[in-house]
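Have a look at the structure below before the remarks.
Labels run A, B and C following the written order; every chain starts at residue 1.
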Amino acid sequence: MKKTASLRWLRWVIVLVILPAVVYLCSISDRKYYLSALLVIAMTMAVFFLSFERRMPQARELALLAVMCALAVAARVIVPFPSFKPTMAVIILAGMAFGAERGFLCGAVTALVSNLFFSQGPWTPWQMMGYGMGGLLAGLACHAGILCRRPRTVGQLATLVVFGFVLIVVVVGPILDTSTYLTVSMKSAGTTAAGPIYLTGLLTANLPHAAATAVTLALFGRSLLDMLDRIQTKSGLLQD
Amino acid sequence: MAHLAIENLTFAYAVSPHRAVLDGVTLEIRQGEYIALCGRSGSGKTTLLRHLKSVLTPHGVKSGRILLDGRDLETVSLQEQSAVIGYVMQDPDAQIVTDKVWHELAFGLENLGVAEDTMRLRVAEMASYFGIQDWFHRDIAQLSGGQKQLLNLAAIMALQPQVLILDEPTSQLDPIAAADFLNTVRKINRELGTTVIITEHRLEDIFHAADRCVVMEQGRIIADDAPRAVGRILHDRHSDMFAALPSPVRIFYDAGFDGSDCPLTVREGRSWLSEKAEGRTLHCRLPDPAESTAPAALELKDLWFRYEKNSPDILRGVHLTVQQGTLHAILGGNGTGKSTTMKAICGICKPYRGKVLLDGTPTHKQKDLFRGKLAMLPQDPRNLFVKKTVREDLLEMLPGDAAAEEKIAKMAQICCIEGLLEQHPYDLSGGEQQRAALAKVLLTEPRLVLLDEPTKGLDNFFKEQLGTVFRSLLAEGVTIVMVSHDVEFCARNADAVSMFFDGQVLATTTPRQFFAQNSFYTTAANRMARHIFPQAVTAEDVVYLMKENRL
Amino acid sequence: MGTDRFSSAHPAVSFGYFMAVILLSVMLLHPVYLLLSLAGAAAYLLALQGRRAVPLLLGMVPLFLVITTLSPLLNPLKDPQGGHVVCTLFGRYITWELLCNGAMLSAMFLAMVLWFLCYSHVMTGDKFTTLFAPLLPSLSLLLVMVLRLVPAYGRKAKQIVTARQCIGLGGSGGKGQALRGAMANLSALTAWALEGAIVTADSMRSRGYGAARRTSFRLYRFSLSDGLLLALMAALAAVTAAAAAAGYARAEFVPAVYIAGSNTPLGAAGLIAWAILLLLPTILHLWEDMTWRILRSKI
């Protein structure tokens, strides 16, 4: 119980000292938007991470999540075109199969680990947030019945493909672009043009990314969902 | 009181509740015993072992009970079971959880909430006992298969278990790493008094060392006795498992002997045979099959290969000729260039000097090399499975072929997988997966098939079946080249054998000549009988000569 | 891996340091502060990587120039607000003030990139997970598991590609064919990986995962000198932050040029503390280098 005591102490330090200090610095700094955005990201992730901890995940849940994250990272290696990124497709499918919360986790961890293998940078928290939101929304859409967990008809598959495309263009991509936008924008420099940044992002990164995701979902989506189905029944896993 | 007692255990899986996988199994195990559990694939060995640990017990219909020190196992807490009963599985890779050697050693202790100082001591102790200090800080990705399995064992021993259960722990290892591993298990049993229950395909290594040998057949225990007695029981019952016993035992019974002096090891076999042969003049010639005069299907001429400009050479002038319609085995230790040669034949590795000739034409000049000419079966057959059923997987090879169904039916018959076509490839056993993958490879209708360690992890029965498949292919004029560590299989099935060492082919001869001239790298039967019958290579050879000489 | 006192320190020290330096570099948009940050990052990168870092650092120069010249385009000033106009581009006025502003932003961006390079060098995956294990045990275990699987999948993927090539499923043909082939490879990898997950989960449970509250084995111990180092860094960062809060690290170019001076005791202290903080890893590195040289010469 010594351990929990020391953690509680740490929690108080965070709440009473670090958070106020950061908020204060945010308010006086020229870069309040950037910093408060970071703060929002940190808190969102903390909510998901702590609820994951509280749930005390089972061995099989951890093992399956680890496999999905690692597949999402490694999927880039297996496709022979360097700019083709199937990562988000795997995260979307994981979110659909395992639920929104695990989808977020899968996205965030994938982004963190893939940056550990490539390079960490100021974009890391944003990418974690963007990928996490992607997984989360896929899980929610599946829960709400927009997406079909077992797409059988062409229509259901088409919905999935379109959903993936739109998700990247509307949510995941813009979150990453916001990172760029807030990095270069300064209060004192007057209003910075958001248009050019988001437009460049859309054309150079997000549209190709969305296309890659859609193609991967179309070609690989059904097969992965079937495999997850099989493993879930075989191991009595994550059936809630 | 027995340490572990299984009382009338019956079990059936939930999917087929009327087919008992375990049928009234009763077994008592005393503290510190070393028990070899044998049986064909599917005889219920693994299911039985998994019942000895509650968290691994499969779902299904169960009756009977298991007692640990007199307490029903189900009432023993997860925490206590984790510490007291250690379980090593088959796959060295997938068992590992973390990314560093040190972390893996500590993983079980972390789970049980052991205090940090105690944990440090235990981890240090295990690292020293298993000789892991040198690679303590390494990434798991840098370890060899043998090291990984040793790490799995050490990570379990860190919990200081009283019972150690090993389910085919060496099936994925090469013979040297396997012997190393089994010696370590012996050492644990001897020095720490840990109870050991082990299943193995390679009975040669464990049969003689076991205190007791328990044999299972169709979910029942058919023999439970000292190894020598078990040999006799299996022989008397004409059991399938008899063929899996060590060569000395098989030779003893097949040559018509009976009694209590059955040899278990090569050493015992030698002195037994010497006794029998004393003072006799023996004729010991065996017919050598006529040299094949078929044209060369594959020729390798002076192949040199290295991965990068400044890295050492992997292949250093490989010369090899494989004749049409023969089964050519390539033997040799790890890292001698066997697998690289296979890749060079397929054009995956590009030699910087030398030529690969397929039917007399250089491979790099041939179009559609992998259509009707050449195909390779990978070491892990699972690399080829992408679909939901074996049939769909086979269909992938015949896109748009009107006669696809007929071809698949024919191939299924050749590879003995007729009954498995509708199953998921991952629901098959190792031997079945091997044959299903082979069927997929053969659907390209190759004239030359390359096989990378096709007998790895297979039990004796599956090996026999694979041998049959090979013979029917050879009869159709297909040429087979296989890389292998399996000396016994090559001695029985190969037409020619090449020895690899240090990136070169040292010698190519018939198996008989090859194994007869080696004293170490040869079959157990040959090691046992070479001082009397130098040319006898398989157990059948020895038995034949003994009968000829009326020994 | 611990090549010097700083990178072999307890992960909490390294992590705290990088977070503080990177966050402060983002906030303190002041030419002098930023130049110091750039210099500190470049110096430590050179100390860590030696000559290999030189081409990388030289490559930063054109990047700096490109970002600087392009940045004014992002500020849609329709009229030149009293600035010194250099030229007009796409109907926009490019002023000296905007260019200076852009130079500062690109310096900040490059400083971040360089510090993150140092971070990647020092904060390896195992340090990161060790650090968060007490706070987020399940998540850090998940991270460790993913870190183990990624290289294994890379290797398996290569095996699968080779295996399928050798039975004529190499995806010869057009791009579409190659893409289909890649997806089949991905299927094979996924099936194998998911099957492995069951074994891994069994292996975890058979070693008592979930039986009790997890403790964590830490390779790194927090020593007294780690504590002192952390305290020193915290003090330096606090002085810098105080000076910044008092407005000594402010600079503005648009609409009018304003650069805060450091001519009061607090301002000077802030600048000096910032400089020491930035150079601390390099100093520790050089110190250790020197000690070794002296030790070796004595042998």
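Basically, contacts are C-beta pairs under 8 Å (C-beta built on N, C-alpha and C of every residue); 3 or more make two chains touch, one makes a residue touch a chain.
As the structure is a prediction and not an experimental result, all values here were calculated from the model.
Novice: Show which chains lie in contact with chain A and also with chain B.
Specialist: C
Novice: What's the farthest chain from chain C if centres are computed as the mean of the Cα atoms?
Specialist: That would be chain B.
Novice: In angstrom, rounded to a whole number, how far apart do the mean CA points of chain A and chain B lie?
Specialist: So the centroids are 43 Å from each other.
Novice: Suppose each chain is reduced to the average of its Cα coordinates; what separation in Å results between chain B and chain C?
Specialist: 47
Novice: If you average the CA atoms of chain A and of chain C, how many Å lie between those two points?
Specialist: Measuring from centre to centre gives 20 Å for this pair.
Novice: Find every residue in chain B that makes contact with two or more other chains and list them.
Specialist: Residues: none.
Novice: Two or more other chains touching the same residue: where does that happen in chain C?
Specialist: Residue numbers touching two or more other chains: 125, 141, 145, 147, 152, 160, 187, 191, 195-196, 200, 202, 204-205, 209-210, 213, 215.
Novice: Which positions in chain A touch two or more other chains at once?
Specialist: Those would be 230.
Novice: Please name which positions on chain C make contact with chain A in the complex.
Specialist: Of all residues in chain C, those touching chain A are 22-23, 26-27, 29, 71, 73-77, 98, 101, 105, 108-109, 112-113, 116-117, 119-120, 123, 125, 128, 134-139, 141-143, 145-147, 149-150, 152-154, 157, 160-161, 171, 175, 178-180, 182-183, 185-187, 189-191, 193-198, 200-202, 204-205, 209-210, 213, 215, 241, 244-245, 250, 252-255.
Novice: If we count contacts the way the header does, which residues on chain A are in touch with chain C in the complex?
Specialist: Residue list for chain A touching chain C: 3, 6-7, 10, 21, 24-25, 28-31, 34-35, 49-50, 52-53, 56-60, 62-67, 69-71, 73-75, 77-81, 84, 86, 105, 109-110, 112-113, 116-117, 119-122, 183-186, 188-193, 196-197, 215-216, 219-220, 223-224, 227-228, 230-231, 234-235.
Novice: In the complex of these two chains, what residues of chain C are touching chain B?
Specialist: That would be residues 125-126, 141, 144-145, 147-148, 151-152, 155-156, 159-160, 162-170, 184, 187-188, 191-192, 195-196, 199-200, 202-219 of chain C.
Novice: Going by the contact rule at the top, pick out the chain B residues touching chain C in the complex.
Specialist: Chain B reaches chain C through residues 53, 55-56, 77-79, 82-83, 86-87, 89, 91, 93-100, 102-103, 106-116, 119-120, 123, 139-141, 152, 155-156, 159, 343, 346, 348, 368-371, 374-376, 378, 380, 382-387, 396-397, 425-426, 440-441, 444, 450.
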